[in-house]
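A, B and C label the chains in the order they appear, each numbered from 1.
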């Protein structure tokens, strides 16, 4: 049918580790180069979680070289998803904070399970860190400047119904209808001629994509400087401790 | 009263041919230079159709020189409507795809007949072609980035109630109330001092107008290159065949 | 608690005179430099009016030097409020036209008394003058391009319920709940780590702040040229006459 299904399966919570991001980029590159593939549905194989976002262990107590390699992989992933020539549909079947939210925001269409226990948002500020400018640009392109400003400053995680009200996701469905709905949306988008659709998508997203491409090394240096600060390292360690306690 | 009424009447469907565009520009220029004229209501004299958009016969099997002349006229029309010093109200009394939608989007206010059989949108992608960047800029300024991105990629034609929900039109009225409503809106806008209103309008639209002015020749070349492709010519011929069959 | 309360009290209508603006800037600077202060609630001590906006007597029949000094103070006030590191909550307990609306728009959050007799908006066009580009940029960042374009051209003063519908204010409350609500919102925003919140706020607002900083002297010259025109002086004198008659 020309549609690939990409199911995140990295227990326990689909953290975006360096390894996970690298595999994701390779998979996307293969699909992108496969002419038979015109669309991809991104979802999770793990119950209740779409993706928990960037793997904090990759940002804690590592070398400068490691931070650079990790951040480059995060950039690469976004450039590939946001700039994909394929139709990309996020079937969000669980919570999706931070980097997980970014993946959904970078798709062409977002369908989320209507369970209000599932939430989505760029909650970086809650962890004492700052979403980079291209996370912000992607967010503004979806929800507009005001909603983005408020949500980013509060580090809000929006329950599914609120996310829908804000335009952060396009549609809510019962869990058992998610795959069927994603396939139907994909069929609707694939009904258009690829060439015209791709040029139109590129016209809409080029300014924001180009901005990261033009400032990629600078953005890596900013990340390294920021993440290497003792105060930030401390915040992240405390956050990880808190997560561990929550789990046990 | 200082208000002109411009009624499109080019049967069967108010296609924007080179001749039609040239006449439209001359009429607008005359009104613009007439100090007694402070506003213009744009509507259609043909039932069920506001304007069907650019005349495809002008883009099919013609010379490079013809494409250049045609595209320059399309640009000129938009520069005049979007940049008009007059108050411009679109009284959309029928369907309004592609270039027809652009004219409505370029006015200060859009009132549409509430009939759900009438639709409006930038549906270029459905024909295998791409709306130029200034169609897109105008659209984004009205409905925002996200709605524009989705609508342009799907080449959506929105039935009147949906168009209203998306903000593509400002107001819906029963057909028999359209002219009365358009006159009332015009009176409301003309109650403001011209000079302040004009400077404010220019402040809001200047960036987008300047962008085409700065890239006008380049945009003409892009159009010629794109429209001259055999694949695009084939798409357009098929689309015209389809329209002919539909008619008969 | 780290929260300051700033109550405008300049009878009869909290006009933004040069003196008032100067005092406001000094107060903000003191708070900004006081590490114990993390947030400020801005409200009015005068019933039914938040602020009536720029003091027209400062713009009428004065010297070029005076106009320059006055306009610099208006710019300074906006740069301080829009760029504040503190959490800024506007508790809008009365009408708030023009410059008064700008102060509210420049805060992080706007709560307004739900009384439909109170209105808010950038109504400059009604007076025959034009809101400067940075008023417009601030407005667009809150309500989006289309709503701003229409509202600015019509010089609309929106009754509280309409202002809420347009997103111009975030929330409506009964008058007796205003201070309680403002404190609760402040507590919610202060729950975030200052550093991450401040960097995020700066990321969202920097482009618009930088634009005025880069064109500050030019903007002052524009103001002087515009306000010195005999036609504008006449408009303002007529407006003041009208206000006086209304009062008596």
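Basically, a residue touches a chain if its C-beta (ideal position, glycine included) is under 8 Å from a C-beta of that chain, and two chains touch if they have at least 3 such contacts.
Please read these numbers as outputs of a predicted model, since none were measured by experiment.
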## Note on the structure
Co-neighbours of chain A and chain B resolve to C
### Chain copies touching (chain A, chain C) - same or different residues, decided at half shared
different
### Task
Rounding to the nearest 5 degrees, give the angle of the rotation that lays the CA atoms of chain B over those of chain C.
120
### Query
In whole angstrom, what separates the CA-based centres of chain A and chain C?
36
### chain A residues counted as touching two or more neighbouring chains
144
#### Entry: Residues on chain C engaged by chain A in the complex (per definition of touch)
108-109, 140-144, 167, 170, 188-189, 192-193, 195-197, 199-201, 203-205
## Note on the structure
Note: in the complex, chain A contacts chain C through residues 124-131, 133, 136, 144-146, 148-150, 152-155, 231, 235
